[in-house]
Each structure stands twice: as C-alpha cells, then as structure tokens.
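What follows is a set of structures for review.
In what follows, subunit A forms one complex with subunit B and a second complex with subunit C.
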Partner chain A sequence: MNENGKAPAGKVLDAILHLLDRQIKDTEGLVVSVVDDLEISLPDDGRTLDADAEAPMLTNLLMGPTLATRLFGGQPPPERMMRIPWSDVARVGTVLELRNRAEGLPVRWVEHWLRDHVIARIPGGRHDPE
Partner chain B sequence: MKRLLGVALGILTAIGGFVDIGDLVTNSVVGARFGMGLAWVVVIGIIGICAFAHMSGRVAAVSGRATFEIIRERLGARAAGANLLASFFINLMTVTAEVGGIALTLQLASSITYLAWIPVAAFFVWLVVWRVKFKILENVTGLLGLCLVAFAVALFQLGPNWLDLAGQALNPTVPGNESPWTYWYYAVALFGAAMTPYEVFFFSSGAIEEKWGPKDVAQSRINVLVGFPLGGLLSLAIAACAAVVLMPQGITVSSLSQVVLPVAEAGGKIGLIVVLVGILAATFGAALETTLSSGYTLAQYFGWTWGKRHRPAEAARFHVSMIATLLVGIAILATGVDPVMVTELSVVFSAVALPLTYVPILVVANDPQYMGDAVNGRFLNGLGTIYLVIILAAAIAAIPLMVITGAGA
Partner chain C sequence: MILSDLLGSEVRDAQGQKVGLVADARFALNGPVRGSGSVAGARMIGLVVGRHGASRRMGYERRDVNRPWPLAQILGRRDRGSFLVLWPDIESVRPGQVVLRNGFTRHDASL
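And now, the complex of A and B:
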C-alpha cells in the first residue's frame, strides 16, 4: 500500500519471505547461489529518511562473505561483497531466475578454483557418470 | 510389461535399501535384550518413514526444491545454519558408521582386521559417487541388499515358537533384568534407526536428480508403501533371530559377528555367505546415500551446484565436500573407535535431530506457494501431526535417557 491507500501495481514481494535465502538459477537452470543478503539504496550517513525523500530501491543481491556478517553481525568491506544486480533478475518464483548465464559470474570463483585445481585433476572429473 | 518391471524393480530396491547398519545393529541388540518387546517401535517407525519419505519426494517433485533448500528458505540463514550444523554432524556419524560397517563385514569375510579395510571401503564408496550413475548405484545395492532375506529364512529354519514371539510383540513387557529406562532408551534408538534423517535428504534430492514428474510420484508411492514395510519386516526378522538364539544364551550384541550368529547357526556356511553379501550391500548402499546426503545438505544450504546428474567438474564444491566427509570418516575410524558403538550413538542422535528435518517438510507440504493444489490431504496431515508429537517426544527424551542409562549399559 502506498500513501494514497492504493495497492502498488504489480507483484508485492516481501524481501525477507520471498527474496532472502532463495536459490538463484541462471538461464540454463544451473544454481548460481543463494541470496545471502540484500543491498538497498540508502543514504550512506545512516540518517533517517524524511517523508519526501526518494524511496529506497533494491539494488543488488549479495552473496558470499555477507552470510557470515549476517549471522554474526558487522559488515564486510564493500569491495569484498559479491553482487548480482537486481536488474539481472528475470523472474521471482520459488527460485530467482536470472537473465544471463552463471558461467563467469564472480560469485562462482570458489567453484571455479576448486574445479580447476582439484576436481578436474582427478581422473574422470570431466566425464559424465556411467 | 516394462512398466510392471519398473514397479517390481522399484519395490525390490526399496526393500533391499531399507536396512542399514543402524537397523542391523539396533534390531539385533534389542532382540537379544528385549526379545520382540520393542517390535511396536519398528512398526511406528516404518509408518513414519513411509509418510515422510513420500511427502519429501512429492514436495521435491512438485516444487522442484530439495529438503535443505526448503529448510533454509523457511527457517532463514541463522536457524537453518544451526540446523545444518546438527544435521551434518549426525550425518557424518552415520557415514562413519556405514563405512565402519562395510569394513567389519569384510573383516568377517576375510579375517583381515577391519582397520585395513576402512580406506578400501571409503575409496570404493568415493569411486561410485564419483563415476557411477545415480539410478545404477541405487538399484544394484538395493537388489543385492535383498540377500538380507537370509535373516527371515534363518528364522524359519530355527523353527521358533511363533506364538511365543507374537506374544512378546503384542504384549510388550520389560524383562525382569532390565530397567524401564533402558527399555525406553532402546525404543528411542530403534525409532531413530528406522527414521534416520538422511533418508529424507536422499529421497528428496534423488527425486530431483531423476527429474521426477507427477507420474514418478505415483510410482514412488507404490515403492515406499510396499517396499518400506517389507524392508521393515527384515528389521523385525533380525530382531526375532536375536530373540530366538541370543537372548536365551544371555549373549548381548556388541559386534557384527554376533548379529550374524543366528544365521550362521541356522543356515551354516551358505547362509553366512548370503547374509554377508546382504550386509555388505546394505552398508555400502547406505554409505553412498549418507555420503551423497552430506554433499546435498551443504550444497543446498550454500547454493552450490549439486547432484550426480552433473559431471564432477560442474559441481566441484559438492564433490570436494563429499571427499572431505569421507576423509573425516576415515580419520574417526582410524582412532580405533568401535564402529558398532558409533552406530549405536548415531541412531540415538538421529532421533534427536528428527524434528529439524521433519517439521520444515510438513510445513512446506502445506504451502500452496510451493505445492499449488498438491498440498497435503487431510489424512496425510493428520498422520503428520501425530508423528510430529511422537518425533518431538523421542527427540526430547533421547539425551536424558542416554544419560540416565549410561547409553543403554
């Protein structure tokens, strides 16, 4: 509901219920990550918004180190955050579907590192199961 | 005809895959100490695992979401993280117990110490997880597990007083030399052995691995509703064998050789060979399922690509976590800790952890956002609610009973 008492156009999403901790999949249906936290556009100085300020917008889905700080408090330095821009999200259902492919997204660097340095070096690591 | 074969195969696999090291050891221990006096717990456990295995498979097929994804979505990162810690720890204990079970079986067959068999067993478990297709690993271990029918055959060969056994089962009493505390402690252990949480992780993730649709749900319902109860009969046969042979001689079960003693006595060498093949298949199958479950739970919580339908290189973190789990299991067993004791502890801790898995499944099975119009019917919800009470009671009672009885001593 906005200030005119009308329901906003489109789908209403509860950030905690429908976005946080949901799986993110790419166009191929491959799991990219889980939404570990959300980033919203708020003034940096932490002052409270007055009535005519611009409404905060959901800007990014956050992944990785933010999980630890969400659980135990604190905030990781911004350069350590792994982000997927909200504009890349194509559809919100029981999973969030992206517009693009997962390959090459920075979120997956641990996956890529382990693949290249461990799994691919073990015989059979690149073959389909038989 | 092909469909009929598929149904038969599914049922046979469910029977052979039902029993694992936890069921083997716990049923034998209980049979030797309490006769058939705890058979009612096995029956309650079987009905429960039927209801929840089917529910979790259906949730996975309809919503496309596996159990631990749902747990994280419903409980949030923090509570689900605590849940993951507990579930993963108990699953690790079960992996350790199953690998130890494989090694103990190979020791019985070869008289080479089980400690030497541990790395061999873990290596082959890893190799199958690494290279073999999901469907094959499930079917082969399930079918070979049918050799456990040797326990039922042995029971007939022993020619027990059936009326006496039925009497023990229908009028359960605590034997004079046992306290009610140990009786209830083993009731909780048997319940935990029948309803181990990994079966739910494995079942729901397997439904996604095999890309289940509504037709497969119908097939799975038959597999579960026919296969699991028949598998449960094997559990009862194990307990009955112990009740007939071990209890009168006052033998308490503390090793795998005592578990198979009744079969050796009744069926001789052939019986022993068949039952060892069955135990090997059952423990190996369960070792595969628990190892996969450790990868499933971690990957689903953290949002890694998971599953045997991918090449290992496409699910690197999933495979690394399973390798790490097996290595930790080897390390635990290498300390010389008795695998039978690990098994006994793992079933009790399974009972403690049951609500962590079963409550979210029951909640989501009723959530139209996930299930559309395929939410639970009234019957399944009624059953689910009754089991919620039983599961909570067992979980709360488990640790106090363990302390009071000194782990059933």
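And now, the complex of A and C:
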C-alpha cells in the first residue's frame, strides 16, 4: 500500500516476518550468521520529519552478542554490533544470500580466531581429514 | 536508527492520544541497486501498529494463510485493530515514541 492506495512496486517485506533471525549465507552456501537487528536511515532524535522527504532505507544487517540481552533484556550497544551492508545482499528468501564470500567479512572473526589459535594447535587440525 | 529501538515504541497521534505500539516495520524492494548482483534497496513503506507491539505473528499476517483454522482465529483476534501507517504520515520518531501527523490514515496491515 502506498499513499495512492496502491500496492508498492517491488517485493514487500516485514522486518520481523521476513528478515530478523534469518540465516545469512555467502555465495558458497556457508552460513555466515543470523540477522540480529537492522539499521535504518531514519533520524531518531525526535525532530519533525519532512512529509515530502524520501522514505528511509534499510542500510545494514546487524549481528552481534545478543544471547545475554535476549535472556535478560536490553540490547547490546550499537557499536558492538557487526554490520553487513544491505547492498551485499543478493537474494532475500527463506535465507538471505550474500553476493560475496564470507571469508572477508568481519562477522566471522570469532570463528577465524578459534581456527588459528585453538583448532590449529590440535594434532591434525591444520588439514582436512584423510 | 536501530530497528529494535523502534519496535514496541508507543505510537501517538498529533493530539498526543496513544493509538498503539509499533508491531513491525514494512519495506519494499524498490530502491536503487548498489552493486552488480545486489538486491534492490529496501525502502521503508511504513510501520505496522498494533495493540501488542512487536511479536511473532507466525505468518498469519498474510492474507492467504488461514489454516489451521483455530490458530488463525486466535491470532487474527489477537491482531484485530492492527493497521499500517505510511511513511508520509509519520511526524517524528525517537526511541520509545512515534508521533503521527494530524489526519493520518489507517491502512489494512495484512500482506
């Protein structure tokens, strides 16, 4: 529905229904993370918005340490969240598919750290099983 | 703005009367495409306002999802009175509170 009473152009998404908690996969099908939150280009300082202004855009998918805040309430500070720009998303379906590989994304640093500092020290941890 | 700051916020009309809580944010994939192979930009259409705030509706907000019948009835009753308010009808936003413009329109919130 738009201001003319017509359905808007393009696929319509509700944030909770279609985006939050969805898995994010890279081009090779590797699970990168899940969507914990979203960032929108909407001013949140309570100023009066211009009725003719462009509608805000969804700018980033946010991932972060949300387990504790889901159990005990509140939310992690925005600066602790890791971001994937919406422009990196290639397809929105039951999962969100990215248009690049997960290797260069900051969201996998925990996995990389464990690989380099823990798994690599276990005998046989540096190569595929034979 | 972070979406979770918006979800569950009180929605008030221009006279200060509470009309509900932010239940969801609706977007349309009709913005500019930034980069090859990228999905279109997600432009905000508006906010879904309901009595209960942000909650999982298990897909029953879709017009054609109505089975199993008892569940559809229960969730439909729970979400009765929900409406979609379009972006041009939003006057101001801050965490915890959304104010709508005078004479805003309540649109059908079903998908």
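In this text, the second predicted complex is superposed on the first by the 105 of 130 C-alpha atoms of A that agree within 3 Å, B and C clash if a C-alpha of one lies under 4 Å from a C-alpha of the other, contacts with A are read in each partner's own complex, and residues count from 1 in each chain.
Throughout what follows, contacts are C-beta pairs under 8 Å (C-beta built on N, C-alpha and C of every residue); 3 or more make two chains touch, one makes a residue touch a chain.
Keep in mind it's a predicted model, so treat the numbers as computed, not measured.
Chemist: Pick one for A:48: touches subunit B only (first), subunit C only (second), both, or neither.
Modeler: A:48 sits against subunit C, while subunit B stays out of touch.
Chemist: More subunit A residues touched by subunit B or by subunit C?
Modeler: C
Chemist: Thinking of the overlay built on chain A, is A:30 touched by subunit B (first), by subunit C (second), by both, or by neither?
Modeler: first
Chemist: Counting only touches as set out at the top, which of subunit B and subunit C does A:38 meet: first, second, both, neither?
Modeler: Only subunit C; A:38 stays clear of subunit B.
Chemist: Return first, second, both or neither, reflecting whether A:67 touches subunit B, subunit C, both chains, or no partner chain.
Modeler: It touches subunit B, and subunit C stays clear.
Chemist: Touching A:15 in the superposition: subunit B (first), subunit C (second), both, neither?
Modeler: Touch partner of A:15: subunit C, not subunit B.
Chemist: After superposition on the shared chain, which partner residues are touched by A:56: those of subunit B (first), subunit C (second), both, or neither?
Modeler: second
Chemist: Can A:89 be said to touch subunit B (first), subunit C (second), both, or neither?
Modeler: Once the two structures are laid over each other on A, A:89 reaches subunit C alone.
Chemist: Once the shared chain is lined up, is A:80 touching subunit B (first), subunit C (second), both, or neither of them?
Modeler: The answer is neither, since A:80 touches no partner chain.
Chemist: Same subunit A residues contacting subunit B and subunit C, which ones?
Modeler: 16, 20
Chemist: Quick one: in the complex, what on subunit A touches subunit C?
Modeler: Going through subunit A, the ones touching subunit C are 1-3, 8-17, 20, 37-49, 51-52, 55-58, 62, 75, 78, 81, 86-92, 99.
Chemist: How about subunit C: which of its residues touch subunit A in the complex?
Modeler: 1-7, 23-31, 34-46, 48, 54-57, 59, 61, 84, 86-88, 90-95, 97, 101, 107-108, 111
Chemist: Which of the residues in subunit B come into contact with subunit A in the complex?
Modeler: That would be residues 63-65, 69, 72-73, 76-78, 80-81, 130-134, 299, 301-306, 308, 311-314, 316-317, 319-320, 369-370 of subunit B.
Chemist: Mind listing the subunit A positions that touch subunit B in their complex?
Modeler: 16, 20-24, 30-34, 36, 63, 67, 70-71, 94-95, 110-112, 114-115, 118-120, 122, 124-130
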